[in-house]
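You will see chain A twice below: alongside chain B first, and alongside chain C after that.
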Partner chain A sequence: MTSSKIPLRYAMKTYRKEQFWMPPAFLALFLILTSFFLEDGHAYSMASAFLGYMLPLISGILAGAPILADPALELHFAAPISAWRLLAARYGVLAAVIIATSLVFQGCMALMGVDLAYLGNFWQRQLVWLVPSLTMLALGCFTALAFKQAASGSVFTGGLWIFQLTLRGFLLSKPILRDFVLFMGASLPMSGSMLVENQISLTVVSIVLIILSAFLLKRQERYI
Partner chain B sequence: MINIRNLTKFYGKGMHAVHALDDVTLQIDEGMFGLLGPNGAGKTTLMRILAGIIQPSRGQVVINGLDLSDEKDKQRLKAQLGYLPQELGLYPDLNAREFIDYMAILKGMHAEAERRRRVQEVLDLVGLQENANRKIGDFSGGMKRRVGIAQAIVNDPSILIVDEPTAGLDPEERIRFRNLLVKMASDRVILLSTHIVEDIGLTSQKMAVLSHGSIQFDGSPSELIKMAEGHVWELTTTSTEKPDGGLTIVSMLHQSDGIRYRLVGENKPAEGSAEAVKPGLEDGYIWLMHKDTK
Partner chain C sequence: MKYLGGVIRYEYKMSIKRIGVPIVFALFTLFFLFTAFVEREELLNGTAVDGNLWSATSSFVMTINMFIPVVCGILASDRIVRDEKINMRELLRATKLDNRSYVWGKYLGVTLSEITCLFLMVLCIGIMLVVIGFPVQVIPMSLLVSLAANVPAILFVNAFSVMCPSFMPVRIYQILFTGYWYWGNYLNADAFFSISNTILNVGGFYPLEGYWGIVYGGARGYTPVDAVLNLLVILVLATAALLIEERIISSREAVV
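Up next, the complex of A and B:
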């Protein structure tokens, strides 16, 4: 007997609605803010703030809820579905929402004539938001499961975001610490191998947190 | 068949460990099996262990030859299991048909035509055919319970576990629900957990009473009734004082000639007019609990 799959249409339909409106709401806000800076040529900094700072924060804030706020969690646990599949289905939807938000934003930037070359070529630009968003998503998921509370994920990732934002300069100046700075892609986009190291470190952290989350989720009785 | 041996479950560690189940041994054969016990007796913990959600601290559970301590067996069992939890969480934005279809997919029913046919069948069975396309968020408590039982039986489970299924239902819904369970019990194991004695008496051939995490009784409802023989009395009195002497009042009814008490206890009430009466299942249960507290 293999573990059951969750079809995309139901993964979407069983998702909490508030998780869908928050990313587009911030997207709309940043589109308006960016439009204010179009004439003085600083629109790119607002755009990179959205991609490199806001998207990771939104990912982290939303990451606590997909599993623990599921009203039918006990029924999922009684079904032949593995922890991995449940994680993939629930966080796949959140990841899709974040990816769609980013691509729509970048499309709007192109239409508004905002040049994002400051963040590198197309693929480098995607890594600027994708890597820290994945890290915050994994961290939010892990802390929510570890503390058995959806809000823990949001509080912990929000706190880390403020901490890193405040001490960004200090963290970037220290060789080991800068590998774990979430905003390096947006702060120092052309920093070459330093940025690559940072992105590899954050990706490794994300993978470790996702693996730990799956192990936590296997202990189903913690969550009912 | 469900075989439970020396099952123990405790929460916490060391001095602070709380025993939810203590050395429970039961054999449950095909048909309807009632699990009765007061709130906090450990019924839900036992149900969740049998549904493969909670890990026992000690002991063994084998269901239809599948050992729950083996992860592969547990996944196989979950595919042939129906489970209705005490606190049923549903998605308010899905309609009943979608929700049951979703649960069928989770249980491994991937052939779409067969699944659709089965979803329609269970919707008819629980009387939700006319509301199948309405959002669950608009449903009454009874209708939500019906969605719950429909999702539990959609995979035609060989083992059906229902935890406090009639709690919060109106009398008509409860009768309907009990009849549905009895109808399904002919070719599968149905484990009904409840604190409502009447539900067991009207449905189950075999039953167990769980209290403080231990099995206090394992047998048939008639055997439990028999245990209370000679320990049930009725007494009518005009006195405003309640009968004493270590007796448990099962019921009291105000009548024109005074108050009529139904009492369960070791000894006959001191009042002379008390007469021994034939016990019912509720009396048997109260007698068992009464002895347990002594």
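Up next, the complex of A and C:
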């Protein structure tokens, strides 16, 4: 990371601020919404909506910006930093914020007495939000770099999110398509091997997109 | 008018040349063409049973309305912010262009470019419907239904996409807007608090049921008067959003 040569305080100033405050802001919003549903016993559906649906959307929309919306992008390219390191430094921070947001939210749910056991055990529950969030993050990063615009990342991830949300019933009913449904963990948490296949497929897609993003980022002249 | 026309022309060219725009529309077009081809038997049988050609076109138009306005809104959300970020506003302020022409020009330019892509998409779907066995008149019918259902939705969301990023970060607007589209138009208002059962619904249910009597996802009893009222509300709110945006820009630049 850049912190080995540059003071962390300075390095943090070069990151976009919205990735630090936006996920916690949505966390606060969903905590308030969840509290409204505590009495009628539907709080778990709000918790599931935040973990399984909102976190992937936030990850995807934010993923377009960390590199291409950086005003000091040309300076970064002038420094001897590899594409992999730049990707890891920029997206690692965003991923860390998303992970921290999710863990804090789950902690708050435990304090509020909202039972999330229907999403599986602790580790299965983490996969419900981590896998789709990683996929959206990789897709946002790849499409932004492929089309050389931060907005393209938002368009593709937003479009895919609403597409899958409205057609998830249809997509889940088709054998091959269901492996690529982002919300299977939140929609059908107890679907056993189908869910495992879905999570493996999404993880493979994410890895492929990250590798492609690194290759795109190596061609720095595309972004200057 | 000369300046307004210039901004519209320039914004239209800039918007339609963004590589993401044709690719996103092309992907959705391929999806619809594939769906039309795979489900040709059901489509033809369904139309033969109820004898209403409008219902075949409406199913596509309503599905388009679920996704395309989201894409259009996100695409339009950075148009004015981008000008400020790259200091284009300062250059434009040095010209005779007034803020009203600027805001309306940006809005109309980006909206017209998206409507162009939309109509090309609907045209392709109409041609596919003819290929699978529907009569030729399904093409103009598709375009007409799209004009009534899709275009008002794009006019509405784009106005707010031009205004809202002036007082909130673009990314937060994009997330809220994507969530709003599903919450405000498609969520069952009886099961969850939503504005989907009010006149503010821009999902296309009002024009379809009001003008052509096509019920989509349950009858709501909308009349032609309701459909016209819905259109008026959409246009008034869109105009109000643009007027507010013009005031925001004017007040911000007055203190510079």
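Odds and ends about this structure:
As a convention for this text, the second predicted complex is superposed on the first by the 213 of 224 C-alpha atoms of A that agree within 3 Å, B and C clash if a C-alpha of one lies under 4 Å from a C-alpha of the other, contacts with A are read in each partner's own complex, and residues count from 1 in each chain.
Criterion: a residue touches a chain if its C-beta (ideal position, glycine included) is under 8 Å from a C-beta of that chain, and two chains touch if they have at least 3 such contacts.
Computed from a prediction, not measured in an experiment: that's the story for all the values here.
Of the two partner chains, chain C is the only one touched by A:F156; chain B is not. Residues of chain A that lie in the contact sets of both chain B and chain C are absent, per the superposition on chain A. Partner chain C is touched in their complex by these residues of chain A: 18, 22, 25-26, 54, 57-58, 61-62, 65, 143, 147-149, 151-152, 154-156, 158-159, 161-163, 165-166. On the chain A side of its complex with chain B, the touching residues are 1, 3-7, 10, 13-14, 17, 70-82, 219-221, 224. Of all the residues in chain C, the ones that touch chain A in their complex are 18-20, 23-24, 28, 66-67, 70-71, 74-75, 77-78, 169, 171-172, 174-175, 178-179, 181-182, 186. On the side of chain B, the complex with chain A involves touching residues 48, 51-55, 72, 75-76, 78-79, 81, 83, 85, 87-91, 93-94, 98, 102-103, 105-108, 110, 151.
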